[in-house]
Amino acid sequence: MNFLSDTTAAAHPALLDAIAHANGGYAASYGNDPLCQRVEDRLKEVFETDLKVLFTVSGTASNALALSILCPSHGAVLCHDEAHIHRDERGAPEFFTGGAKLIPLPGAHAKIDPAALTATLNSWPQDFVHTTPPRALSVSNLNESGCAYTAGELAALTGPAKAKGLGVHFDGARFANLLAGSGMTPAQASWKAGADILSLGATKNGALAAEAVILFPSVMDRYGELQARQKRAGHMVAKMRYVAAQFEAWLTGGLWLDLASHANAMAARLADGLSAIEGVELAHPVDGNEVFVALPDAVAQTLRAAGAGFYQWPDGTARLVASWSTREDDVNALLDAARA
Amino acid sequence: MNFLSDTTAAAHPALLDAIAHANGGYAASYGNDPLCQRVEDRLKEVFETDLKVLFTVSGTASNALALSILCPSHGAVLCHDEAHIHRDERGAPEFFTGGAKLIPLPGAHAKIDPAALTATLNSWPQDFVHTTPPRALSVSNLNESGCAYTAGELAALTGPAKAKGLGVHFDGARFANLLAGSGMTPAQASWKAGADILSLGATKNGALAAEAVILFPSVMDRYGELQARQKRAGHMVAKMRYVAAQFEAWLTGGLWLDLASHANAMAARLADGLSAIEGVELAHPVDGNEVFVALPDAVAQTLRAAGAGFYQWPDGTARLVASWSTREDDVNALLDAARA
Amino acid sequence: MNFLSDTTAAAHPALLDAIAHANGGYAASYGNDPLCQRVEDRLKEVFETDLKVLFTVSGTASNALALSILCPSHGAVLCHDEAHIHRDERGAPEFFTGGAKLIPLPGAHAKIDPAALTATLNSWPQDFVHTTPPRALSVSNLNESGCAYTAGELAALTGPAKAKGLGVHFDGARFANLLAGSGMTPAQASWKAGADILSLGATKNGALAAEAVILFPSVMDRYGELQARQKRAGHMVAKMRYVAAQFEAWLTGGLWLDLASHANAMAARLADGLSAIEGVELAHPVDGNEVFVALPDAVAQTLRAAGAGFYQWPDGTARLVASWSTREDDVNALLDAARA
Amino acid sequence: MNFLSDTTAAAHPALLDAIAHANGGYAASYGNDPLCQRVEDRLKEVFETDLKVLFTVSGTASNALALSILCPSHGAVLCHDEAHIHRDERGAPEFFTGGAKLIPLPGAHAKIDPAALTATLNSWPQDFVHTTPPRALSVSNLNESGCAYTAGELAALTGPAKAKGLGVHFDGARFANLLAGSGMTPAQASWKAGADILSLGATKNGALAAEAVILFPSVMDRYGELQARQKRAGHMVAKMRYVAAQFEAWLTGGLWLDLASHANAMAARLADGLSAIEGVELAHPVDGNEVFVALPDAVAQTLRAAGAGFYQWPDGTARLVASWSTREDDVNALLDAARA
């Protein structure tokens, strides 16, 4: 009954097989091997556009690298106050940008309030030398409360931001879960919604360590600089083929969406079961594989006593995360314990 | 006949097996799993001392993180002019330290000249506010010309550096090759020779992506800050167990030394064969798995025509690198081609 | 009728005289002259404590240097959302700290709400590697709305901050105006209220360009590092005697307090006169030399037509600033125009 | 007999008068006053070209700001190993660029050896992601050994640098002394010789604290970013008119050149007198106001005993600096003492 995080899950066997398969003979290092190129080509099909891709081994690295080419050191990044880049990356964006400022925005369910965005764009001007101008907008989708922005909600953010000249970054640490839950295509959930750059995460959805920064055509001319920053940050791993191999297996035959659909279904089952219990309240809509729920103390204690693993969030709610490896039996066991 | 780099080699099967073996069930993320702890305990035995270890996925990350806790932004790092940290990491040390200065030192065969070190320590004082004071010394062993410093040579550098208060970093990207070639113990080649921190690399010697920063007791109190910097740099990967698994297999039964010995033996065979050819001159002693050799143009062309892969170094020599996966047949084939 | 800013005022003649007086013969450069030492000694008397002082030429430099020794790159600075360091310094604190995070706090009249401070100290923990820990608190007094914190209000902020191990910085760009208005002694308004470092500004109160960073005993051991950072930031001006000369004249005979008292009196007269006009509302208490006032459009237009200079603040209020050089006639003329 | 540095000299009375003259009434702050504009217009005449100017209060600030717009964090600056930016600014260029690398070049008399420059441009390529590419060349003229590059010598450096796409910075801390000694026009000694940016220093030649960064047309489009960086570094002083006033007086009637000519003449007299003494050897040609001389110990002791102030340089020579305020009597007194 481990619902601590999708990062505590193992890797899917198909990805290990792919690594083993990639392990024959010599290959050019630092991303110059045919497998890396093949994954880039595959992503162009998946996203229905030209693009450039660069692999990393952590979402924090992807996000910080992405922001470092969207925002100069003397600019600001707008994001939700609960954004992973603001709360959970130990200042990685500030580090990689050379000291840019993060301006946190409010909004229910960790979704940026469009009115707050507009007000901030107005009160932090682009052309006053004393004030740090917003240069990038970062949107997490799925977000940190497990919620999905709709296409319309994304447009309400990226439109005003782009009108002021900001670059737009989407943090897609759980991008597959978003697609599986929303029915949006990869294109609809990224560049068609205004993203210039996407952090595409596979680690939380079946990989050992495989993340990607995807540059859409609007910023593809920055790829050389991005590679320089990747190298300089120690993220140009020597034997890149093993990262690419994970992506190839993950994308093949829709595995990424199948794994995400399973995780989402487990989370939905959890949410349905828990919210039917008296005194238990869902804190946020469950749009993906995360369930945030206000648990009576007695229930929480019972669950922990039964061996259920989950985190208490800073706002007092319990976070339970399902993953590709969550079994229906685990969910049932937790619900049985909660009902007891 | 791929002698381009030890990073073009595949991973050793035992390490893949270890990853597969680690892939069962849930594990705490970010380095808090039992396997990571087990490797730290194993390294204490290997290095015959208390220590703290932190895993990364690239040597550049290890080096830059290590230097970031030895040298403040307003200090300087002394290293050889050919050092990897100076020439081949796109300014990673400058980035991670927040703008420290690297001061390159001369010396034959990529070994720092002790007299140059002493002169620099004298001409860049510790206590003159206008001048950047050296705060760290970084020594690569094996170094960038494939040469080993002896214990005495190391002492001639680390002694004066420590007398001025500098911290000492050893870049052990090819540490196993050093041990295999020199007969030094891990302790003799690290803390007993003056190192406060060691970058210990496995990727060039059989791993997929496994590197470690080892803090010896003199700097173990900086471990918390190092973890903060690791996180902030995007190098605290979520599923750390897979990095630890590689190290465990690598260290088990002396595999790391066996692989390194094989690579060294292949390099020695290469060096012996090539240097016996008229007009071919070794540029540096071959103390590990790298051979630097001045090839007559005709020989170089013949080799390339025969399909041999190797790099021409900036100084005009050819660099040929053997790895754990180099076969004696490959060496023989190259030598046959060269003699033709 | 120039009420744009106290930075548009000229310098007081006594300070120019002091510069001229300091202009005889040779003097050691970079702050090593007797005049600099004399000012430090004088400040020890003024602040009734041992201290170290370092001169700069801008408040932004003072603030950013001060924060750079209180907060590491991987830490956070807590400040009010309206703080000059957050809104008006183009990211200087992020630059000087190497990418620390500023966390903005709410509170009426630009005063940090103690409950918000406590909540933030709890939700941004000190010991969780993924989250940036607050390491410094910065309090502007007088603040950006022209308001003074009382000793009790300061204690309610610095107490909890220090209990968590944070360093405390006071931004005293208008410190003399604070003292003149509140009756607090320099000691009461600084180290006795919890400050480890004070940015002491003279430029807005009669100097040409004279600012100081004052280290109280709790952080005096960081003076050497602060000097290194001052040099590295280009703020160790060669002929420092001219900055020190300004401070000496400013402090002599209580001139600093006289000038501030005059400015405060002019602001009070402005505030009294304006608030007596129908439809005009003071936005904040007037505790120093700044008046923030909601003006009916007609009044604002009349004033501008009459040649009054003042800024419209982002919140829609008008800011009128008095300085040492504001004449009562100017105030009267503005009030006459407003009443018309 | 103070020959320690031109920074120990007082300011010229005409510059103090100009400050006093600028001290009437209100003026727009932060460089937006008419006096600042007037100086920019005047500099356009002086340099016979369009340009943009930005004032600072230290040469270190000017140099570091200039380099921060020529060189990205992932690039390198080429300079002489003795360059002030490398040896005497505590890493300011590394700080302001966000961690760019300085690559020191050799050459006699602190002049960059053109062959070394070319070799470095070749061995540090522009397009290899692992290696930091040179992006800027910085040339001090007068340089740190008091020597002048001729127009031809400058072309031999800036030509190859520009051919590789580097930006070119000239450090003109003693630019007036260069002009006075060489007969070059300001244009010939700057943009006509390949400079994109010039640090123009007045502080060493009569000012209290007045330095400028001059952007020539090739980089004028970067002025907005430069201002942002100036603000962010705390170098946009509030009452900028007082810096501009110094420049105006300095440039009026050729005062800057008169003061420099005097200093140069005093240095020449010093050099002539000293080199006529048995056992005394000039270490470098005396092209400006600095004399580097190898003194027999007995002579050095005699001079110090007689009250002469000068520094012993790291290479063992004595450095004696003349300034606008050096009197012929002082020179004579020193020579008399040396001959004794």
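Here the chain labels run A, B, C and D in written order, and each chain numbers its own residues starting at 1.
Just so it is clear, contacts are C-beta pairs under 8 Å (C-beta built on N, C-alpha and C of every residue); 3 or more make two chains touch, one makes a residue touch a chain.
Which protein is which chain? UniProt says A, B, C, D = Threonine aldolase family protein.
The model shown is predicted, which means the values in this text are computed figures rather than measured ones.
Enquirer: Work out the mean Cα position per chain and let me know which chain is farthest from subunit B.
Expert: For subunit B, the chain whose C-alpha mean is farthest off is C.
Enquirer: Give a one-word verdict, same or different, on whether subunit C and subunit D use largely identical residue numbers at their interface, taking over half shared as same.
Expert: Copies use mostly the same positions to touch.
Enquirer: When the C-alpha atoms of subunit B and subunit D are each averaged to a single point, how far apart are the two points in Å?
Expert: 41
Enquirer: Averaged over CA atoms, how far is the centre of subunit A from the centre of subunit B? Could you give it in whole Å?
Expert: Centres of subunit A and subunit B (C-alpha means) sit 34 Å apart.
Enquirer: Using mean CA coordinates as chain centres, what's the gap between subunit A and subunit D in Å?
Expert: About 50 Å, centre to centre.
Enquirer: Would you mind listing the residues of subunit C that make contact with two or more other chains?
Expert: 30, 73-74, 89-91, 95, 98-99, 129-130, 228, 231-232, 236
Enquirer: For a test of understanding, state which residues of subunit C touch subunit D in their complex under the given definition.
Expert: 2, 4-5, 7-11, 13, 16, 19-20, 23-30, 56-62, 64-65, 89-92, 95, 203-204, 208-209, 228, 231-239, 242, 309, 325
Enquirer: Using the touch definition up top, name the residues of subunit D that touch subunit B in the complex.
Expert: 73-74, 76, 86-91, 94-95, 97-102, 104, 123, 129-132, 314
Enquirer: What does subunit A use to touch subunit D in their complex?
Expert: Going through subunit A, the ones touching subunit D are 30, 72-74, 98-99, 129-130, 224-225, 227-229, 231-232, 236.
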